[in-house]
Amino acid sequence: MKSFVMKGVGETEITEKESPEIGSMDAILKPTQGLICTSDCHTVHGAIGERENLTLGHEVVGVVDEVGDSVTDFTAGDRVAVGAITPDWSSKNAQNGHPSQSNGALGGWKFANVKDGTFAESVHVNDADGNLAHIPDGVTDHEALYTTDMMTTGFAAAENADIPMGGTVAIFAQGPVGLMATKGASLQGAGEIIAVETVDKRQDLAQEYGADHVIDFQETDPVEEILDRTNGEGVDAAIEALGTDRTLQDCIKAVKPGGTVSNVGYHGDGEFRHIPREEWGVGMAEIDIVTELCPGGRLRIERLLQMLANDRFDPTKMTTHEFEFDEIEEAFRMMDEKEDGIIKPLIHFE
Amino acid sequence: MKSFVMKGVGETEITEKESPEIGSMDAILKPTQGLICTSDCHTVHGAIGERENLTLGHEVVGVVDEVGDSVTDFTAGDRVAVGAITPDWSSKNAQNGHPSQSNGALGGWKFANVKDGTFAESVHVNDADGNLAHIPDGVTDHEALYTTDMMTTGFAAAENADIPMGGTVAIFAQGPVGLMATKGASLQGAGEIIAVETVDKRQDLAQEYGADHVIDFQETDPVEEILDRTNGEGVDAAIEALGTDRTLQDCIKAVKPGGTVSNVGYHGDGEFRHIPREEWGVGMAEIDIVTELCPGGRLRIERLLQMLANDRFDPTKMTTHEFEFDEIEEAFRMMDEKEDGIIKPLIHFE
Amino acid sequence: MKSFVMKGVGETEITEKESPEIGSMDAILKPTQGLICTSDCHTVHGAIGERENLTLGHEVVGVVDEVGDSVTDFTAGDRVAVGAITPDWSSKNAQNGHPSQSNGALGGWKFANVKDGTFAESVHVNDADGNLAHIPDGVTDHEALYTTDMMTTGFAAAENADIPMGGTVAIFAQGPVGLMATKGASLQGAGEIIAVETVDKRQDLAQEYGADHVIDFQETDPVEEILDRTNGEGVDAAIEALGTDRTLQDCIKAVKPGGTVSNVGYHGDGEFRHIPREEWGVGMAEIDIVTELCPGGRLRIERLLQMLANDRFDPTKMTTHEFEFDEIEEAFRMMDEKEDGIIKPLIHFE
Amino acid sequence: MKSFVMKGVGETEITEKESPEIGSMDAILKPTQGLICTSDCHTVHGAIGERENLTLGHEVVGVVDEVGDSVTDFTAGDRVAVGAITPDWSSKNAQNGHPSQSNGALGGWKFANVKDGTFAESVHVNDADGNLAHIPDGVTDHEALYTTDMMTTGFAAAENADIPMGGTVAIFAQGPVGLMATKGASLQGAGEIIAVETVDKRQDLAQEYGADHVIDFQETDPVEEILDRTNGEGVDAAIEALGTDRTLQDCIKAVKPGGTVSNVGYHGDGEFRHIPREEWGVGMAEIDIVTELCPGGRLRIERLLQMLANDRFDPTKMTTHEFEFDEIEEAFRMMDEKEDGIIKPLIHFE
């Protein structure tokens, strides 16, 4: 079958691979649509080390082609979404409330990490009953795609931020995860939402998704402006949605004593992140720094699909470009270079 | 000063009373607008026992007339809102995280309970720095009024319900507190919101404030319909916003194992409420029953005002009738009898 | 194989049954020791309806006899404990944080409910990697047995009670689950632990396991005495460990505003449980009523075994009688009638 | 009155100062006993900047000498303890659940920071009803002293660590706060407690207070040994009780995915603390870093005193040396230099 793979660090191509084999609890999926994620680009650049001929991609919806003998709730022909993270639900870390950390750090992340990803004509899904979700009538494949990573990840950033009803939140960076963190903050009852972003199109979407105010960090110091807007108190919660040292430090500086820094950015390089000691209250200001990997699983994805079925908002505004699967190399290149104001490129499978 | 009082059980009148005296931490407020609450009617009917010549009312906004010597953050002329509940913040129950229960059950509830209420030309507020909130420019007195009880109480019902992002919620009764619980559920990220109500105008407002579906309990059994809509699983959370045995039982029957019943209704009569043993999972289905009295205090009210300043929604649609202070007896009578589809009557002070 | 079964409501016998079949994720266990639980008696009396030839028992330790093809962490010969509740970890309710409610209310409870229990020469365990736990060297089978139900259930009652460090707790009834709730309260940092019990031996054990004070409800009204001991304030948390209407009501009456009632009793009969309306603060005193079914799973049981490995306390003091498997009918009869001050009867398999 | 003051950075002396004035909500206390804290030494070395003639000390018990007009629950002659942190309970940060951060970061810390401390013949206490606690009969002054800082701070480290019942905890450093974190972990139900410490006497006390295993970081790498002892998984929770970059980094490295790092150390120098990026799971391993300043207030201190009244453990074993108030300069010098294995020096007032 045709697959879009990472040949090695820095190299991608469309190639032929063997179709996946199915186990008794598994499903094989025929993709209809997928999205490229910036983390696919990180992977190709070597962020998680060398990979050989590994199929890329982890955001996909499609139709069930086949299910294993033990699968009871899904059958061939079902229209389904699958989370980017597909946990082993009986693992000890899942029992501990952290399914994304199954069997070790980030262990629930399988697609395009420890097994072939979703940019292929057939996709293998472990534990189909636990990790697939039916797409309700009235939700398009395009909409459903956004539940698999962008919504679940961005929303988790807001959920972890422990936002009080009517509280103040700052979200640093308005890429697609940051935009969904902004929408998530709005859906957690924030009373004042401040987005930090410099790109025009992203600033516009931030306001579309609930930001009350957007700070252009090229024009002003975001920490200063946040403190100004909050009478010097700082925000109840700050969300890091980029993965840089600077933005993490800014989060710590922008949050009030007793507030929360919620990290959802993937910190791809450097030996350390730096906590500014004084603004951290010399370790005693009751500022929590919390983190999350994209939550997956059937229940989570079904709930997010329910929100779309009830028209809570339209995530497809983040789709700036569309491509056929044959053109995926061009889509990938544009995403990697963030060319033409690209936010999310949609891939159509035949 | 002119005051609207409960003379005794079953009797009200407008009368003259002495102006309140101020302590060092207190403020005196000149009301501009107020709202009548159904709980004022309960009080007059004797729900909390006999009272003699007690000024009614607990939902008010106005202008600060005078502040005590120790008050630092408010001054005469400030436009302010005050929560219906005005806690003693250093009491042990407040230190325990339950300020509304200061010094005993419901002890933070002072207005029209243990001291004169707000339907008077002057209103005494204990701990002004802790219990008043400045009304931001751009928020009208009329809007701000709704933060003092309806929003803070209804929202608390939703916050306590522990609604998962995209989860399902049923709210029993759509009076003004139920309507704000509906809006609160929407602001806590619910994916499917089911309101139970039979009055037309309230059904319409329920949809306006976020209900995806309204069940008329006169036409269908709400528990059955809720189970139908959730594939027999039940909802993640059920909110009781009326205060009857029937609705509390329905909440327990409608919620899934592991779900939450959040009570915010004032249960005004009867010796017992009844937990249906089997639907409660014989005490082992991990269904929590939680309760709350209207949260008050400066921080809470400021946060809710911030939501209005940023146009999260318009609570004034609940105002169905308006009266001058001189006409308050008529307003009270209509509220008591729920005449003419009344939801909230607004009182204008001169 | 030899099995101790419920022939039908009111009837038990030792009989021959087919050995269980193994699935790919399962294990077959040869029991070494077991404990009889009062809930086995309830079952025989018909509390969960008719059963025909169902093997009884759910508290067992033993040696792995065989494992399915997909099992990776256990092998024949391993000495193991298995929780009374064996969840389906990828079910939606487990993903929701309630594994004991897998696939519906109480759905994780399989032994002696929906499949054969543990009083047999061979025992089938679903999802061996998720539900078995290795017994550490230095922990005896006898000690380990107590993790499977009494410790996990009683401790859960204390964990759910949200006991503040140094807070006050009352535990109603000191059967083996109540005793472990008492120990659990001590292990959650309670500052004052009040046990309610009338049987001498159980009163003694209550003090052994951490009670600072024991109230004999035959001699004094426990609610009155609890209020006396807490200056009329009530306790931070009350634990119901019996399953009667009276004790649940007493819990609600004994707890302070803002406190928690934690139910772990199995409420076996009656149409309703009764919430006393006034002491419940007319639905607004912020008293939470929470419930739990015995938590199971590998991680939970391993953690409890770790406590025994580090000599936190000795649960075997609850074993008042010992029997060979051949004598189990006599043991069962004594447990049913609570004869001779029996608390827990230990069963030795050959 | 005689006071032990910081004349300026690096200088202390016993001197005469004016007696404190009392406000309507305040109390004046005559100390009977006090303890010196290492943070007093930090203060003298300039950690919080220049101070002139500021009375030192924040751990004290004594007898009430006088109370203000509004104080209702305390009277002259009462034997009381007062927390090192004396919050403003109606401040916004206190209403937000963070009383120690009243009016800004660390704002509840008043003694020997923004007003005179407790090493004087008379001590001023703000909000007596909210911040004093009666010492129960049967608790000595010496025992009660430990509630004011060491117990409340060390226990808070354990409470924040979110330790599962039977979970694994590592506590880095066994000074008096670390020792109380160790005891706190035991009182939160930890199943395996690993202490890291090199000083003999402190190692012994660690075991006395609940450590199952002590690692001498001079002899072995604590992170390696912790990973070894936990099958490479890491601990559920790591507690930082020293305030250095090295120990904070070790905590992050020692904790499992989904675990918690609970900081209670005072980080006194350096521009940054360093988060090791990879061990932090590149920001996605769901490791939380939480912090706390010593919780104060009447309710908290009363609860801790209750634990002592019920003989939970003996904190006075940490008292290694005793002095008269006249000898406090020598006591202070020894504490500063950690001479003679000093842990806590007790000061007797006449």
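Labels for the chains are A, B, C and D, by order of writing; each one numbers its residues from 1.
The rule is simple: a residue touches a chain if its C-beta (ideal position, glycine included) is under 8 Å from a C-beta of that chain, and two chains touch if they have at least 3 such contacts.
The UniProt protein names, listed by chain, are A, B, C, D = NAD(P)-dependent alcohol dehydrogenase.
For clarity, every value in this text was computed on a predicted model and none was experimentally measured.
Trainee: Report the chain pair from B-C, B-D or A-B that duplicates the A-C interface, where duplication means over half of the contact pairs agree by residue number.
Mentor: More than half of the contact pairs of A-C reappear in B-D.
Trainee: Considering A-D alongside B-D, which chain pair is linked by more C-beta pairs in contact?
Mentor: Counting C-beta pairs in contact for B-D and A-D gives the edge to A-D.
Trainee: Measuring centre to centre with CA averages, how many angstrom lie between chain A and chain D?
Mentor: Chain centres of chain A and chain D, defined by C-alpha means, are spaced 41 Å apart.
Trainee: Suppose each chain is reduced to the average of its Cα coordinates; what separation in Å results between chain C and chain D?
Mentor: Computed value for the inter-centroid distance: 38 Å.
Trainee: Which positions in chain B touch two or more other chains at once?
Mentor: Expected reply: 92, 96-97, 164, 300, 302.
Trainee: Provide the residue numbers of chain B that touch chain D in the complex, in ascending order.
Mentor: Checking each residue of chain B against chain D gives 24, 89-92, 94-97, 99, 127, 129-131, 297-300, 302.
Trainee: Note which residues of chain A are touching chain B in the complex, please.
Mentor: 155, 159, 164-168, 184, 187-189, 191-193, 212, 300, 302-307, 309-310, 312
Trainee: In the complex, go through chain C and note every residue touching chain B.
Mentor: 92-93, 96-98, 100-101, 104-107, 164, 233, 236, 240, 243, 248, 256-258, 263-277, 280-293
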